[in-house]
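Both complexes below contain chain A, partnered by chain B and then by chain C.
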Partner chain A sequence: MKLTKLFKSAAIGLSASMLAVSVQAADVIKIGAVAPKTGALGGGAVVTQWPNVELWSKQVNAAGGLDVGGKKMMVEIIEYDDKTNPGEHIKAAQRLAEVDKVDFIVAPYGTGFNLAAAPIYAKYNYPHIAVSAISDKMPELTARYSNLFFTLGNTTSFSESVVDILKDMRAAGTIGNRVAMVNVADAFGIELAEAARPRLKEAGFDIVYDKSYPLGTPDLSPIIKGAKESNPDAFVAWSYPPDTFALTEQAIIQDLDVKMYYTAVATCFPAFVGKFGSKINGVFGAGGVNQDSPDIQAYFKAHKDITGKDADGWASANTYVSLQILGQAIEGAGTLDRQAVIDYIKASSFDTIMGPISFEDQISNRFWTVGQWQDGKFRGVKSSQMAGAAPIVAKDGWN
Partner chain B sequence: MTSGDVKQLVWGAILLALAACVPLVANGYWMSIALTIAMFTVLSTSWALFSGPTHYISLATAAFFGVGGFLVGTGMSDYNTDYWTMVVIASLAGTVLAFLVGLATLRLSGVYFVIFTLGLAEMIRTLVSWIQNNFTGSRGLYVLTDLGEADIYIHLVLVAALVYLAGWWIARSRLGFAMRIIGNDEMVARHVGINTAFSKVILFTFSGFVASLVGALIAPRYTYIEPNGVFSPELSFIVVIMALLGGTGRLWGPIVGVIPFALLQEYINANYSNYSTLVLGIAFLVIVYFLPHGVLGRLEETWAKRRRSTW
Partner chain C sequence: MDIIITGLLLGGTYALIAFGLNLQYGVARIMNLANGEMIVLGALAAFWIFVADAISPILTMLIVAPLSFFGNWLIYRFLLRPLVRRAKNQGQLEVDSILATFGMAFALVGIMVSIHGEYYTYSYLAEPFEILGETFALNRIVAFCFAVLIGAALWLWLYFTRTGMAVRAVSVSTEASGLVGINVPQLSAIAFALGGAVTTMGGTLISTFITLDASVGVVFTMKALIIIIMGGVGDIRGAIVAALILGLVETAVARLIDPGLTLAAAYAIFVLILLFRPQGLFGRKPS
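Coming up: the complex of A and B.
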């Protein structure tokens, strides 16, 4: 009895929602989004990717939609969970193009997924404004896919900026030459450590501790213990989200006394300061954002108000910017014709919450590389061509 | 060769030829589903060639699949080797690995074998990271080719032909006969003079070869190879589930499981994306409880054998 009732109400609900879609279908821009909600990257995408899709689409619709050649059109998001599985992602991307026949797409989350989906989005000529994709092969990829744009920077600039910070701090007399460096033994961690090693040596630093740990190592206390015994002035970890948290926890427990402490991915997450509070004051991490910009402040507020979640201190803003660019390009081109929108993106400069963004050979060179926790806020301190970098401060204990 | 054997070959050839025509009619969406089906058909069928008759449940598919994909990525990104050369090298490496693993583990039986094969993918993934970290470095593994999904699909249909032909031949050979006896009672097999270790290693090696070849052939579809993605243990489980759903008693059993399972998965992902893991779990329970033809067929077979052996 109860079950039939449930089915009935489900059926009514389903047909009602289908009806609602078909009524407004004519004046709607369909935008497809495939990204993980579950699996290894699910945790990151739920912080950085999904809330921005929700925020942007709600804001656009609250403003009456996008102006496409004089006609206001609402946006409708069609979303799929790729479960952090490339095969699943490819199928969902094909489904968006062939079955849902979406007009535009939101770029995937993660380097591997952006590249796996790139041939499909190129085939259907969707403007593909990649955010969470960091690669040193960008020129080769953009040459191959004329619809693909990169916005978050490349591996080289991330390691260079960290070395620059070390140089700055040494010049200021805050630290000496002793650097302890660790990395997660997985693609991105290995790549960054490898890029940093020669640059550190070239700059005259002593790498007094150089260790790696496998992805998913539950106990990182030996790593911090070893680093501490090497008596370093600075500690740099090319880490992933779980180890960023685990290393910092151990650094606090063992009181790793360094004036410069850096962990890479996820240091900028709201959960990081949520877990460690004031203890992580002065910690450096990958990314950054200009906390003093009124546009960014308004964005953070809207993010919290509309999605109920805090934005992170890095790629959240970039993700939102990529959607702003897409929206402005559709309005600017005045059509849903995808080639026209791509051409518009290539030729124009966009007014975004991160300031003006334009593309040179389909790559934007305006991005943050390093940020620092300063009194509860993650502030951008090093960047490529971004304004508003905060001055760096030395780490002063874990309290 | 009897006329029945020839008939089977002809039918097989006709069906494979039809399968090869799919790219002519399918659009991009159905092509990617067909590709998924082809991939799992090859993996499940070659898995069943070994695990079907011997009842050794191998969870090593992801290990060999991963080796294939990873080597293609490494060769093309770090050593600028041509794609097809890497396909050959990767499948050979997978074969050698399967042979060594087979030699070392097929003396294990029951649950010990299952656990070892489950750990194998993880072990190789860690080993790969260790090598990258200490010796070769990593700049990201890119597999940039001009192969589209239709091309990859055709490659997989060719591999499927190879697997079916091998299965057809094995069923008629002394090797297949030996495998059936091993499956019924390994002790008896040894007593009548069958070299059980050799027979098992040969078939295990073949399924390892096929899995690494599939991993290599599918790599251009992913474009960017992440060790965590290609060595995913989930793959090993899905291969086993699909094969068991279809039934491993016959050569064409696994494909009977692969097609509905792949379509069901697609339906769930398309319509209940936010709950896909949950709905898939429920669907799996429903399959096991209410539609257990594949599994039931297998159970009946085992019961029948048990009854015979106790009498």
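Coming up: the complex of A and C.
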């Protein structure tokens, strides 16, 4: 009885506050964001995705909002946790469109989620500027969905860049032909390993160790021991966050003495250098950023000041850029009409912290592919059309 | 030799995961689906205190254990005891406790995300340690030693003390042990609280070598379930043996055949044991 009363008063309170919001709604741009806070991808999204949503919206509002056809409008973010569950994501996306009636959305986090949610965002014609989505299917998808944009690159370019680094280092005489390659047995790891295998062979490398391991393997020391026994010159792992940490810890303990060591996702995370300190000097990882760019430095500082967290050395900046593009497109189109904003994105070049970005068939070809830890900073060393790549250094032990 | 030692170390980790649930399910009859979250909670404590004050996770473990004991005692007393009281039979209690602890798991995940949503990763004793010319991780060896200590302490307590005997009696039959004058509600509460404390200690130890995050608990709950069902519900020796078998088999498969098959091998053994000894390695046949 008591409980029912409590619920009733809570419900009344809630609807009253919602009423208050809808009164002001005319001057507010509502932007919905669905991404994981819990579940398998939660640990990554709270580093790369969520802080940038917070940072961008606070900066926009601190500047008085976005200028929409001469009228300043504040942005309001409506957040849902998709629990790293595609079903939950679709439900939340539907809710954003039907119940919250948001004007725009922030793209989902993770390749699978961007692909799974593309139809629903297309149905409501939201500009969908995907960031953390790497796939070779991008041209097919953009042909099908006219509202969908890609910014972080494709599988081919990520594996090609790693092979390019191996070639560069072989040409410099740093390494020989022996490459150990492992991957997490998951769509991402399998796709990248399959893309890399023929390219390595074509370039004349010997893949002396080639194994996969299930996601969540509690002990990866057998992998590192196996790789070490194969006596490789280079070690490449298409790995996910927990295994990126675990493989590197084992590589240090087993003293896997390679001149080239690469782990994929999360190598660029602040937690990676936080855990290993100077030991990971020379480690390569997916992503990268131009640490010398004043725009990026200002962004890193604002990120730390406003969210209290350090940005990562890769997709953090891209995520922020995607929001800059959305904001500039709304201002440029001068309206909240989604089709007009989509058309504006397709036709324009955007001035971002990563330099000018424009889209060719809805795909941006300016992105980093490989970075390297150099004296405590994760610097971009290979990219597609990005300026400011740092020279590669050879890994010199785990000290 | 390398495979045996690596396998034993992994087995020790698995034992740490399963000890607590074994007590909670075997004695207190609570199928605690929030077991994994208790592990993560222990890991979070270790990570948090280590990053803030560089305090050794071993020390954290000693602080966390009594806190967890008390917390789990409260959970049992106020959340689970009413379920036990109203349950007409074992089956109903199992369903109720699964639902209640499932909900508790979500609440715990939410709390942990709000404290620290990122990966709990830090470096503690990540140093090489040589045994017979092979290199192993020192943090895994330390965790293994504690697993041995905890296992031995539990075994001594269960088999050589009066309370331990009473606990074993409750695990055989709650009704019969009540009839011979054992305070079943009190012992169940102690077993549940102790189970929770051991689980949290396992979490702090595991966090020194496995990167956890707030949502990863369910993976550990699954492993723990497999181990206690393999070993025989309520028998600490069974949990130890099952954990070691699992560790050895997974390591052997990873080294000799293919790391991709470790999960398949673990489940194959699980199925074989269920087929040929459904009550578990050390379990009693239902009479």
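Here is the rule we go by: the second predicted complex is superposed on the first by the 377 of 399 C-alpha atoms of A that agree within 3 Å, B and C clash if a C-alpha of one lies under 4 Å from a C-alpha of the other, contacts with A are read in each partner's own complex, and residues count from 1 in each chain.
One rule holds in what follows: contacts are C-beta pairs under 8 Å (C-beta built on N, C-alpha and C of every residue); 3 or more make two chains touch, one makes a residue touch a chain.
Because the structure is a prediction, the values reported are computed rather than measured.
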Which superposed partner A:Lys58 touches (first chain B, second chain C, both, neither): neither
First (chain B), second (chain C), both or neither touched by A:Ser212: both
First, second, both or neither for A:Lys137, with chain B first and chain C second: first
Contacts of A:Glu79 with chain B and chain C, given as first, second, both or neither: first
Partner chain(s) touched by A:Ala118 [first = chain B, second = chain C, both, neither]: first
Partner chain(s) touched by A:Thr38 [first = chain B, second = chain C, both, neither]: both
First (chain B), second (chain C), both or neither touched by A:Lys167: neither
Which superposed partner A:Gln94 touches (first chain B, second chain C, both, neither): first
Contacts of A:Ala185 with chain B and chain C, given as first, second, both or neither: both
Shared chain A contacts, counted only where both chain B and chain C touch the same residue: 37-38, 40, 185, 212, 214
Footprint of chain C on chain A - complex, ascending: 37-40, 42-43, 46-47, 50, 84, 182, 185, 211-214, 216-219, 221-223, 225-226, 241-242, 245-246, 249-250, 252-255, 266, 269, 271-272, 274-277
In the complex, chain B residues that touch chain A: 27-33, 36, 39, 126, 129-130, 132-134, 137-142, 144, 148, 221-229, 232, 234, 266, 269-270, 273-274, 276-277
Residues of chain C defined as touching chain A within the complex: 2, 6, 9-10, 13, 51, 109-110, 113, 117-119, 121-123, 126-128, 135-138, 140, 209-216, 219, 250-251, 254-255, 258-260, 262-263
Residues of chain A that touch chain B when the two form their complex: 37-38, 40, 79-81, 83, 85-88, 90-92, 94-95, 97-99, 111-112, 115-116, 118-120, 123-124, 135-137, 140, 144, 183, 185-187, 190-191, 194, 212, 214-215
